[in-house]
Amino acid sequence: MSGSAFKPLDRDGIAERIARDIPEGWFVNLGIGIPTKVSDFVNDREVIFHAENGVIGIGPTPDAGNINPYLVNAGVQHISLIVGAALVHHADSFAIARGGHLDLCVLGAFEVAENGDLANWARSPDEPVKQVGGAMDLAVGAKRLWVAMEHNTKGRGDSRVRKICSYPLTAKGVVKRVYTDLAVLEVTPHGFAVLDMIPGMTKATLEERTEAALIWP
Amino acid sequence: MSGSAFKPLDRDGIAERIARDIPEGWFVNLGIGIPTKVSDFVNDREVIFHAENGVIGIGPTPDAGNINPYLVNAGVQHISLIVGAALVHHADSFAIARGGHLDLCVLGAFEVAENGDLANWARSPDEPVKQVGGAMDLAVGAKRLWVAMEHNTKGRGDSRVRKICSYPLTAKGVVKRVYTDLAVLEVTPHGFAVLDMIPGMTKATLEERTEAALIWP
Amino acid sequence: MIDKFVPTLAAAMAGIQDGATVLAAGFGPGTPATLMQGLAEQGARDLTLVMNAGGRDDGPVADLLRTGHIRKLICSFVRADSVAGRQFAAGTLELEIVPQGTLAERIRAAGAGVQAFFTPTGADTILAEGRETRVINDRLCLLEYPIFGDVALIDAWQSDRFGNLTHRDSARNFNPIMAMAAKQTIVQTAHVVELGAIPPENVHTAGVFVQRVLHVPV
Amino acid sequence: MIDKFVPTLAAAMAGIQDGATVLAAGFGPGTPATLMQGLAEQGARDLTLVMNAGGRDDGPVADLLRTGHIRKLICSFVRADSVAGRQFAAGTLELEIVPQGTLAERIRAAGAGVQAFFTPTGADTILAEGRETRVINDRLCLLEYPIFGDVALIDAWQSDRFGNLTHRDSARNFNPIMAMAAKQTIVQTAHVVELGAIPPENVHTAGVFVQRVLHVPV
């Protein structure tokens, strides 16, 4: 690992960086984990957030004293509604996701490959736990799929930004952009193009931390 | 034609005869024509009537002074709602029909065959008018399909109760019972069984008026 | 601020291209008559029109057909004695007849991302001739494809600025599913309401499916 | 008079057979906890349970799994550290994992008479191994079949005697579509209302889909 002077973004930092790129009026689904935090950083724009369980128009997280037990997001966390929200059933909600009505979906991932392949549901084909949830539906259905993840694994520091995914895929060729704690990468027909880096990050260090080839502007 | 002393049922009479066989609690779709009249004769029982355009719980026909222009049945006639009605969109309404949720559908027909084939949408395969509507959906989807029609054609007096349908089919093997102006016939694995005849009707006359073979009790 | 209202009929209809597939809702009530008139005036040609029925000699469908801008009609029902029936007989209108429930399901499929489905409806009729069928659970089924709209013309009773809609009584009919199935969903609404006036649990068509709304008071 | 209310939990659950497929709604709120408890007590064995997630170590799913009456679980999500996860690891529970949207669509298909459908979801993953796929409009699609329930266990906020239901906020989730998909749909409702109290245009699940209703006050 390089010793250059940079401070990786924390999870809120990644979420804030993503939020900056979401224009007013988009209709957005946020996955569990870092993506869920994105909505906290778009308070100055009207962006409509969707949850798989039928909520259209998620509002701010309620205080402990204002919890509505009948209202949760896809992570089964308590939420509020914005003024102008709508509620639908599960098939209608996934019709939104699968029918191409989401301008954007932001998901977490284990790995993203330079061809846009996404792996975010299992670490091995015969893993005993099976946590598909709605990720496959969102990945193939959204107009744009962005990924929020740490650039490298904890511990070994392996690159999650890959030539080829090593884990079972969620969907092939679907990721358009990756937001990590180090950089913002666009998936292009030629591979990952670097759109942005955190302050203090260098080309050399980012390449060292990334298994896939990087295309520089 | 026989000169025996009987008076064929008029259209209201056929509708009334059908109504007699509908038990309380059934969920029923009535086609255009004679079938639409059936609901007028079940006022003593709670039977819920469905229309293809999303109405669940059709009430009595409103007076001219009480017309709601936003409320019509599948024949685009003005209707009222019963207390306890529900309104859904067209796909949900046909989910009711196609998903097997109707206890009964009553349709008009040009012809019914002894194997239960129904012909009620076109008089020739290359007829320039194409009036399918919802009949094919209802015919395959309802738990029971009954037909209301005149036993013989106007003019030539041809039997509409047939060995084989001569017109393009709406669906194969779907009709369970036929209510005509002369008799009530059940479609059985062996052909048409006579369940009832109008007063004055004789076996000989009914057989003379019917192309298909009849099974007598 | 999200605001889907447009000020004029011309603005509502702007950009509809020649050759577009237009879904038009309505089953008696619920017909977006003003928008259909606007389409006739807008000038796009070679259109495919998808709606339940070909109509009679008067009314919005007949007016639209008479302008000669409709190349093909996809519907469940056409009368011989109607503009559509006569145009078809004269060979100036293509016609695709679809059972009404299959029509609704194909439209919903387009909105829901279903790429094809098998249904028993029509499978044993002349409508299935030359087409793919398969026996599933002992029932003969016909393979049907979604009907995607470039444009949907929608009628609503109420709309807020997000395009959340209610439809009155049986004027709902094809409106919610056609709104889902088009790239550009254009609504005429009888009433404009404040955001929040429609309770979230009673929105009939969610604003996510709506691009433009024109206020057409009744 | 149509009256779908039943007086006791035992009456609500009566007649569920060994080997039945049971659809249980819920996504956090909207879970018919009393009915699921009733199913555990009712004694039917060898059941296939269809619900969104396998749950944790407590709550209605865990209780139902612990009774050992569930042979197979069809769901989108199972944790390793849960009753379901451990039963699966131990080989005492069959598991069919279905993407959540496909699960919802397969349930709706059962209710709507769709006999099979093609979807891109999962088509290029290990979930598609050995299964029928087809390229439609340049997209690889996977053939999926409906999930028919013998029984559906449903949660409602309000019910009238016809079984017309409302669901509160996001407690709606799988409830309306599971109610459509089963031969015997059993509802627990927080509130009993008079016929007509739910406006026809705002019924969330129509009574046509409901067979029995139990009042379970909250």
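Quick notes
Which chain is which? They are A, B, C and D, in the order written, and residues in each are numbered from 1.
The criterion applied here is as follows: a residue touches a chain if its C-beta (ideal position, glycine included) is under 8 Å from a C-beta of that chain, and two chains touch if they have at least 3 such contacts.
In this text, all values refer to a predicted model and were calculated from it rather than measured experimentally.
Listed by label, the chains that touch chain A and also chain D are C. Averaging Cα coordinates per chain places chain C and chain D 32 Å apart. Chain geometry summary: the mean Cα position of chain A and that of chain B are 55 Å apart. Separation between the centroids of chain A and chain C, computed from CA atoms only, is 35 Å. Chain B and chain C have Cα centroids lying 29 Å from one another. Within chain C, residues 105, 108, 112-114, 119-121, 167-169, 172, 200-201, 204 each touch two or more of the remaining chains. Each of the following residues of chain B touches two or more other chains: 81, 87-88, 91, 94, 97-98, 140-141. If you sketch which chains touch which, the pattern fits none of the simple shapes: not an open path, not a single ring, not a star, and not all-to-all. Across the whole structure, chains are in contact as follows: A-C, A-D, B-C, B-D, C-D. Those residues of chain C lying in contact with chain B across their complex are 27-30, 52-53, 76-80, 85, 88-89, 95, 97-102, 104-105, 107-108, 119-127, 157, 167-177, 204. Interface residues of chain B, counted against chain D in their complex, comprise 24-25, 27, 46, 48, 50, 56-57, 81, 83-88, 91, 94-101, 140-141.
On chain A, the positions that touch chain D within their shared complex are 51-55, 68-72, 76, 81, 87-91, 93-94, 97-98, 125, 128-138, 140-141, 168-172. Across the interface of their complex, chain A is touched by residues 1-2, 108, 110-114, 160-162, 164, 180, 195-196, 198, 200-201, 203, 206-209 of chain C. Contacts from chain C toward chain D in the complex involve residues 105, 109, 112-121, 134, 136-137, 139, 141, 145, 166-169, 172, 200-202, 204.
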